[in-house]
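Before anything else, here's the structure in question.
Residue numbering begins at 1 within each chain, and the chains themselves are lettered A, B, C and D in the order written.
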Amino acid sequence: MSGNTPADMAIIARVYRSLRLIRRTEEEIARIYPTDKIKSPVHLSIGQEAVAVGVCDVLNDDDVMSATYRGHAAYLAKGGDLKQMMAELFGKATGGAKGKAGSMHLVDMKANVLGMSAVVGTTIPIAAGYAFALGRERKGRIVACFFGDGATEEGVFSETLNFAALHKLPVLFICENNGFAIHSPLSNRWATEALCERVATYGITPHLLDRDDVFTIRETAQKAADEIRHGSGPQFIECKTYRWREHVGPGEDYNDSYRKRADLEPWQAHDQVKLTGGMLDAAERQTIDDEIEAVIADAVQFAEDSPWPDPEELFNHVFAK
Amino acid sequence: MSGNTPADMAIIARVYRSLRLIRRTEEEIARIYPTDKIKSPVHLSIGQEAVAVGVCDVLNDDDVMSATYRGHAAYLAKGGDLKQMMAELFGKATGGAKGKAGSMHLVDMKANVLGMSAVVGTTIPIAAGYAFALGRERKGRIVACFFGDGATEEGVFSETLNFAALHKLPVLFICENNGFAIHSPLSNRWATEALCERVATYGITPHLLDRDDVFTIRETAQKAADEIRHGSGPQFIECKTYRWREHVGPGEDYNDSYRKRADLEPWQAHDQVKLTGGMLDAAERQTIDDEIEAVIADAVQFAEDSPWPDPEELFNHVFAK
Amino acid sequence: MSLPSERSLSYVEALQEALAQEMEHDNSVFVIGLNVDDHKAIQGTTQGLIDTFGPERVMDTPLSEDAITGICIGAAMAGMRPVHVHIRMDFLMLCMNQLVNMAAKAHYMYAGQVSVPMVSRSIIGKSWGQGAQHSQGLHSMFMHVPGLKVVAPTNAYDAKGCMAAAIRDNNPVIFVEHRLLYSTDAPVPKAPYTVKFGKARISGAGTDITLVGVSYMLVECLAARDLLAEVGISAEVIDPVSLMPLDVDTIAASAEKTGRLLVVDNAWTAAGASAEIIAAVCERHAEKTPVVSRMGYAPTTCPTTPALEKDFYPNASTIASRAHALFRPNDPAWVPDVEPTLPHEAAFRGPF
Amino acid sequence: MSLPSERSLSYVEALQEALAQEMEHDNSVFVIGLNVDDHKAIQGTTQGLIDTFGPERVMDTPLSEDAITGICIGAAMAGMRPVHVHIRMDFLMLCMNQLVNMAAKAHYMYAGQVSVPMVSRSIIGKSWGQGAQHSQGLHSMFMHVPGLKVVAPTNAYDAKGCMAAAIRDNNPVIFVEHRLLYSTDAPVPKAPYTVKFGKARISGAGTDITLVGVSYMLVECLAARDLLAEVGISAEVIDPVSLMPLDVDTIAASAEKTGRLLVVDNAWTAAGASAEIIAAVCERHAEKTPVVSRMGYAPTTCPTTPALEKDFYPNASTIASRAHALFRPNDPAWVPDVEPTLPHEAAFRGPF
């Protein structure tokens, strides 16, 4: 992304806005959290925004996105409704799922955001199944399926890769490898780090990114998505990234035994929000930042002001009509 | 196996005896089957004997073997008791599992034959778990774990490979690739045939054998087993082989639509029982053949003469004391 | 079945016809599962579908029950109607995470933004050495989880009507079949029809005791009814048809009338469908609860040898004997002297 | 607990002590599961074990619940005693194939040639937005399958004794814990001891109605007992402790005495433990069956918002109200006006 053409500048601005919106929204969630207004676990993506943004920026509105309980970033990057998300975290009736989902099960089908799951790996075959249906539809729509490094250890991941490759499903798998499953490092979980080589044995084109540079991710996703639309079958991106906050909850945990603040520093040094912002001129950036603050404040206010769901709501949606 | 040294000749005779015992036992089972004395499904290994024999011939008595519902060959090759096996198929009280197991769940812990399972793939992690315990024991014992090509499609297979490689478990995995899961060909189930390449990405040494030549299998297994005993961690053999009879039951099924008799011919052309027998002089071979017929007749008689289990047996072994 | 119809079909043919008609009438319906497209065609239940609808709608699969279940859920969320076939119910244990944690919950957890119209067909095996892992009736596990429907038709008429209803239902339906019902015939209309879930059938009227038979045990209960008639006991036999929703009204009304309720399940009794039915009925009768009893699999794993397997299952004779003891508690125990296994069962040789 | 003891431990400390003592006394015992070795130590229940016993006996794992369960089964067959930890019971759905088709059956299917001495620890979550997939109590599924034992201790004393018993048991044991019991204290002897499975406890004596509380619901039942006392109703509260084996004798005797049985499960009621307990009791009382009733999770998926979650669970107030209606059916309905959530629950903020 040289930033020399107006088109490039538009992309940079759009990408920056998305990165910044996610970062600030989650910082706001972390700020509010101690008030107990968000009575549910939150798994923040702070530090990992670039993966979601780089990929989702190349998706069409009618493409579909699937993510995990650590899904705020992907949800917003795909265009999920922020007010409904905030109200959902507050457990209000105006939440995307009327307060039934909370942070871990965000969904927004209007934005083609598939429902997220708190059981690791469960969304992978479901995303593939959705892609299966899109494939039959033959309109060139694809599914982008995000998951963590730990999810690749579940058998269903391998089963899904085999099926997706066998039937050339239009799905882009993205593994956000942040090196940890809760506090467990890769070395406790992976026999080798040859994940991309393994994926390739299914006939799936892998792309290994050892840093979460947002524009590299974007270009990789762009190329992969185009090929998938044209029938290449599934492709796979493994992107190394880093979780800046604790596994669950609003805080940092560098004083806990499993990692050191020094581990964070190289990642902070190429903080994608800062770097991308730096590519814009100060005035434009300020406008974006101000607009984002307003949007977030709005969403929080909306959540605050929204009513709790009625007691009867407990019994709705057990069965579809 | 040049057959020039007495040692070689002894091995050839032993291997032939094992191959022939299995072939004749299963032919006998097929002969008896229409009498309904064996009131349970049988999955015959006829044509696939070489894989079980080649591997088990290099195992020590205190090594452990795990196989599937298609387990007659492995059971006998590892030294499982023939009389108990036949009585088990007849459902008699003298069966290895008192008639509770039948053909699909054969077991003989005295011979270190782990119990088999009728649910595909289920024995793979269990074999690894047994190997895990043997590893802690540090006596150089290993587990040989047999399964079919279909079993590799179950997620638990991938999960087990990762764990076994991560902890360098003393286990030799053997995939008997006969090209079918019931009537389903590989092309309906595998995105690619790069199974060995995939296994290698876990840091597990793979061995691909494109024919089931018993002495090639034996040499491969010998080398792998030695290395595993000395801490190499798990190794993997994929051996192409062919199921001569129907998936389940005593007969052939070349008139069914899913395969042709012509497909069988190349395999029959290098029938390992015949070829190995041909390496022995006629007299020696005859002695072995006669002894085998006697042993089998004995086992069948034993099964015939054995009593049914008492009704109370139904309630034994629900819980271990 | 008292419903009029010219022709009679086997349970297998009825299932096949329902699948063919639903696929015909709705392009979003597809059948997926290991060997659904082969010459054996799942004992004939998918016969000819591959020729009529092609491999895109009749799909063989890898042995990956967990992922295939998730793929069906995803396809269903996208508007398709998968029918996932399992040749044994035991294999559903591989699908529990997707069925319990995703399929059952998606519509609720996402507040109606998606629904999961899928059918999981599963066959319960019996006899011919099915043994520990090919004989389980695990339907109660699915009855336990809100969001799943569970249906277990016991005759060809209901098999066709329930399959059509299951496919058209907008929720995940666990469709429980029994291998030994496959050869049974019943009058079955040619035109498509649905059998409503949540309505039990009185399969045989009576006044002295109520017998509820789940899945294959309905057949044994009907045979027990004949045996009981010989000793002057009039048994009313009820077929729940669907287990979730469960028609407690019909069962409770019958139990109220007869004063005695014996529930016979094709499964273990502990925390099973039989426990649910008895608890639900007893909860309703604060005043005079009926005399209640359960029968089901022996509290053991299923053995392969017929010598032990015969005592693992309830049968017409043991059911009649238990019913007699409940109706005439002061009489000496009575065991009808008949062959425990029904003829068509004794004749069963597989195919596996 | 009436047992004398100098010191009091929390449920967490009691579990940790049992694990440490059993590992000390038997080298074949090892703990395996995701994050069992980290600084959070499964809420403290595995605290310090990694330092004392090292990584060979306190093993972190990949996210591969299915395979790890099979690996535990294999290790157990070879003579080891694995304790497999799951931070939520919901995740046991990934282990069903190995637990139901192998662990439960191996000893029987192989006629005693092997046994499977393993423990699957699983924690039921509640409140703080646990929601659909982190709140399920699925113990009834395991009660259904012969060969598995299921235990759900409700206090620190039983937690230690049941854990020791589970580890020493030669069968697979599903060990049901509840997140909200972790902070509760009870007198706990330092010396190792076991609590025998199959013996229920009378946690509070009474004469008018029998309340059976499963897992965390025992705590709510005890609170309900206090509320009922205020309106002159004497409730006897029973803790089954183990669900398989189940002590029907103690429950039936109490129900016989009081004439009323209300079973409150920390799970759904349909084909659940509450159905089993009621069916088992009713089967015994051909003559005068007690008045019976069940309470449990609402027949819905668990919502995350506290606004709806509060009505998803039974609580002291709703339990007391139901008990009152059973005891005084002709009185107007009574709802004690107290906070539905118990103080320590209201105080709960996680850690997750």
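Going forward, a residue touches a chain if its C-beta (ideal position, glycine included) is under 8 Å from a C-beta of that chain, and two chains touch if they have at least 3 such contacts.
Since we're looking at a predicted model, the values are computed, not measured.
Contacts with chain B and chain D are shared by A, C. Touch-path distance (fewest steps) from chain A to chain D is 1. Chain A and chain B, compared by their mean Cα positions, are separated by 47 Å. Per-chain CA centroids place chain C at a distance of 31 Å from chain D.
The geometric centre of chain A is 42 Å away from that of chain C, both derived from CA atoms.
Distance from the chain B centre to the chain C centre is 36 Å, each centre being the mean of its Cα atoms. Within chain C, contacts with two or more other chains are made by residues 61-62, 64, 66-67, 90-91, 94, 97, 101, 108-109, 131-133, 146-147, 299-301, 303. Shown for chain A are the residues that touch two or more other chains, namely 98, 100-101, 105, 117, 119, 153-156, 159, 162-163, 166, 189-190, 318. Contact topology of the protein chains: fully connected, every pair of chains touching.
Partner chain B is touched in their complex by these residues of chain C: 34-35, 38-40, 60-67, 90-91, 94, 128-134, 298-301, 303-308, 311-312, 349-352.
Those residues of chain C that touch chain A in the complex are listed here as 56, 61-62, 64, 66-80, 97-98, 101-102, 106-117, 146-147, 149, 170-171. Of all residues in chain C, those touching chain D in their complex are 90-91, 93-94, 96-97, 100-101, 104-105, 108-109, 131-133, 136, 138, 140-141, 143-147, 244, 267-276, 278-280, 282-283, 286, 289, 291-294, 299-301, 303, 326, 329. Residues 153-159, 161-166, 189-192, 194-195, 197-198, 201-204 of chain B are the ones that touch chain A when the two sit in their complex. Taken in their complex, chain A has these residues touching chain C: 96-98, 100-101, 105, 107-109, 114-115, 117, 119, 122, 124-134, 136, 155-156, 159-160, 162-163, 166, 316-321.
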